[in-house]
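Presented below are the structures under discussion, each in the form of structure tokens.
You will see two complexes here that share chain A, one where it goes with chain B and one where it goes with chain C.
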Partner chain A sequence: MKTTGLSLEQAPPIVIPFKFFLTASLFVFAVGLVLVVGADKVFLSRWSPLALAITHLVTLGFLAQVMTGAMIQLLPVLAGSPIPAVVTTSRIIHLMLLGGTLLLALGFFHTDQLLIETGATLSGGAIMLFLAAVMVSLIRSGRRHDNAISFGLGWLAIIPTVAIGIYMVLGLGGLVAVGDMPRLVAVHLSWGLLGWVGTVLFSTVFQLLPIFYITDEISPGSRDFYVALIMLLLMLYSLAYFWNIESLEISLPIILALFLFLSFKLFQSIRSRRRKIVDVTLLFLWSGLASLLLAALAWIHGDNDLLVAVFLLGGVCMTMPIGIIYKVIPFLCWFHLQSLQVKQGRISSRLPSMKHYISDKDAKRHYLLHITAILLMAAAAMMPTLFARLSGLLFSLASLYFLRNLLFALLRYRAQQKALAVEQ
Partner chain B sequence: MEQRLDVRELEPPVPMERILEALEILPSDDWLRVRHSREPYPLYSLLRDMNFTWNTRWQGGECIILIWHAGRPPPEIAGKGL
Partner chain C sequence: MKTINDSMTQDHRRCDELFIDMEQAIMQHRWSEADRLCREFIDSMEHHFKIEEELLFPVLLKATAEARGPINVMLAEHAQMRHLMSQLVSSLENMSRTLSAGYVDTLLVTMQQHNMKEEGILYPMADKAVPAAGDAIAKAYSESV
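Moving on to the complex of A and B:
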């Protein structure tokens, strides 16, 4: 029996997720700019300084901003417990992450060791602070959460990602000896993309599908099992590097196969939704799942790392979170206004529907721009001279449209908030 | 008297809208029994502001929330509910 719950004073203000998401969209714009400016260099190799800058603009600039911002807002909704001193803590995390990512990307851009070191320390620190804050909030809530294991393991995977990243940065500065750098990069990438982004992203979608689309639920036990298995395989893959056991490298294709299997489960879950309407957020999710399949096919084909990177980073890691944002932001706007209305003693006076904040038409336009940009990037990975600059231009345009949609949602929210204040 | 509401198959924000509408006209001696597919944490802050008390429990894979006017006896004490 429970009669306690979250008080409105504890709920994070809506400006917090908006701040993280708006920043994320600006980093996507930066990715487009780098593609335009360095079109002839980015697609030379995945080791080129510009490719490294882009990778970190996507993973830290976009993904880390979106994932921390979303978790800060969703923790009270999913677990009934916000992070401590939510406004101050989230402000510090946001600024450290923002500054750290900028410095790190600039460091790669100019091959400047000091900038890389400072950027890695700042962004790594931001993530560690976020993890500590989430731990405190979960302990304070005092409940066992269905999704704690899969989310927890997913977020813990960022610790080896950051640790190996910083180790490599120290290695670049000559402070420690790094043996086989390309293989260590592969271990760093695997923990980051598969361990952290992959599992947190899939856990989030598994969690949100039954809530927002009324689909069959995938049991928390089976979710936890797959995530734990992925973590175990990642540990084996790391041992392959540290102990030089080549046979353990088989772990990586098994992890990819597991993600494909999870994609199939997600696809099945989406099919089980009660209302068979296809809204644009589903298009983002389906395209993300299709990109994962394309990435796996490109990886099996094996002669174009950049193509795999485009499908994974752009196709999966950016497309799916955008779909989630378009589903979550309108609900948050509605909920915060409803709370305000109740505080004013009014209950059922009608608020605008969720479509008011981000319309289907606007989200669909962004979807078309975004997917075309990803396809052009894939073409650029094969024929850089023809498509690199064009893909950058379209990517910048798509990110500006994303920024516009988020800003409009915020402005419409503010206008509605003002109208409620006047009516009082 | 018990009023009943089943919001398990509804997409957000409809479940919360329906619950708030039902509470707005809930007579002071009645209580609302809501069948939900998950625990609606965000609803609780609104209930507190609207001066309602609630009791949540899980039964057969669904979340049952009993909501009544604060200061009134809870349904089970009054021998009328649960």
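Moving on to the complex of A and C:
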């Protein structure tokens, strides 16, 4: 049994998660800006160039940054070793993803094929490089964590997402023939949102709830089963497109029902938690779960795709990770400084607790801004002329507050680090 | 026969329960009760550390050199938790809910991620390398009750 994962030395430098998370918050700001600037066009249809730009700013700009950044941090614990040359590799992944997302969004914004192609190649390349690095780390360590299957399958789902995405980009350039584009888009976003984001996000929450709130652990076996089932159904759904078998399209509502069931399990697990406090992270998680239910209701109702998108992308995919970040970043700040002390051979100084880095008050303010912005965006999906610009303004404000909270955490971390160096 | 993992995990859960009661008292400003529960919590944590540091770790280290790295990390985290507990005690003396809540939160995440490593890696390793220690540990717990 390899046990290297227990080493403190293996935690990647704290600047890595900060870099990824700060960039993610800037992309959220970009979403707000696009909403303000293109208020009259964004909510025309989900196919509008601006809606496509926003979708990719959220999925690649926010989600891919947060999820790769978090995985790089988590891998020493999950797999027993960090990705190879962690500092350099993560710098390359970060820059490629950053540049790729910007170009892709600009490409959609200006309907510029060359920008779209370059952006898709760069961001797709960043994700493939990340997956390759994770594979090397897994092979090297030889150890398997309880979560390896659910996280592994979740991350593998990004491969068809990227492949279909690139295929459609080539189709737009006339290099390959794409038959039914809207249906292929549905396959692309199902793999991306349900396969990749959905399963990785839910696996993460299932893993973290017992740590944060002392809840009963969900057995890895049943979690793996649900994730594998979701992947299988996604494959069937893809076959429905490629082989034109309409009956297989039923897989999609089944997957959604499975996610609702998993949300219910999460909700129950939170409700029966031993630790009866309600903190900001919990507010974010509850709101995320409620948004999933609202997205499902809007989807069943069936006449407003944009409303579904707002609840899914904004309500679930952004809200839940932000809630987790508000626990993870303060803990990492404390953990790194505490480890520094251990290394110095003394832990007697007055090191503040994790709440020093992001206070409850600041996180709660951001929560209120964020939720109001999402609600306004939902209103804009129904009444664009009234709410589109206002929702954009509030969303930009919320993202700036998020950026501020992360920056303050970094500055407070640096100040403590300096104080420790002086004390020595 | 109880395995090492059984006894030690059971003790983790016991410490969790004491932690929850203590946190509840702090959140509700029941300071004298919080003081008492905090002492009770720290005593049981120290007892758990003692069994690991004086009984389990030395035996495991003797049996397999592979355990040295993980044990060192566990010891470092024990030191971190002891430090947090002492900070918590002083924040309780000042009856500061904000300050105490910060240490309580930090202590919980530190404890839980520490327990996960022990229950997932170290205890199974010990059960494989030194299964006989399971009896001694179960005995140590039954004597302390």
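Note that in this section the second predicted complex is superposed on the first by the 408 of 424 C-alpha atoms of A that agree within 3 Å, B and C clash if a C-alpha of one lies under 4 Å from a C-alpha of the other, contacts with A are read in each partner's own complex, and residues count from 1 in each chain.
In the analysis below, a contact is a pair of C-beta atoms (placed from the backbone, for glycine too) under 8 Å apart; a residue touches a chain by one contact, two chains touch by 3 or more.
Model, not experiment: these values are computed from the prediction.
Enquirer: For A:E249, decide between first (touching chain B), second (touching chain C), both and neither.
Expert: Neither chain B nor chain C is touched by A:E249.
Enquirer: Quick one: classify A:P76 as touching chain B (first), chain C (second), both or neither.
Expert: So A:P76 only meets chain B here.
Enquirer: Would you check which partner chain A:P210 touches, where first means chain B only, second means chain C only, and both and neither mean what they say?
Expert: both
Enquirer: Identify the partner contact of A:D305: answer first if only chain B is touched, second if only chain C is, both if each is, neither if none is.
Expert: A:D305: touches no partner chain.
Enquirer: Quick check on the superposed pair: does A:D112 touch chain B, chain C, both, or neither? Answer first, second, both or neither.
Expert: After superposing on A, A:D112 lies clear of both chain B and chain C.
Enquirer: In the overlaid three-chain picture, which partner chain does A:P352 touch, first (chain B) or second (chain C), both, or neither?
Expert: After superposing on A, A:P352 lies in contact with chain C but is clear of chain B.
Enquirer: In the superposed arrangement, which partner chain does A:K276 touch: chain B (first), chain C (second), both, or neither?
Expert: second
Enquirer: In the superposed arrangement, what residues of chain A touch both chain B and chain C?
Expert: Of chain A, residues 1, 3-8, 210-212, 214, 274-275, 331, 334-335, 338-339, 342, 347-348, 354 contact chain B in one complex and chain C in the other.
Enquirer: What does chain A use to touch chain B in their complex?
Expert: 1-8, 10-11, 76-80, 210-214, 274-275, 331, 334-335, 338-339, 342-343, 347-348, 354
Enquirer: Would you tell me which residues of chain A are touching chain C in their complex?
Expert: Residues in contact with chain C: 1, 3-8, 145-146, 210-212, 214, 274-277, 279, 327, 331, 334-335, 338-339, 342, 347-348, 350-356.
Enquirer: Please give the residue numbers of chain B that touch chain A in the complex, ascending.
Expert: Residue positions touching the partner: 9-13, 16-17, 20-21, 23-24, 37-39, 41-50, 53-57.
Enquirer: Over in the complex, which chain C residues touch chain A? Could you list them?
Expert: 16-17, 19-20, 23-24, 27, 66-67, 69-70, 73-74, 76, 79-80, 83-84, 87, 98-99, 101-103, 105-106, 108-110, 112-113, 116-117, 120-122, 124-125
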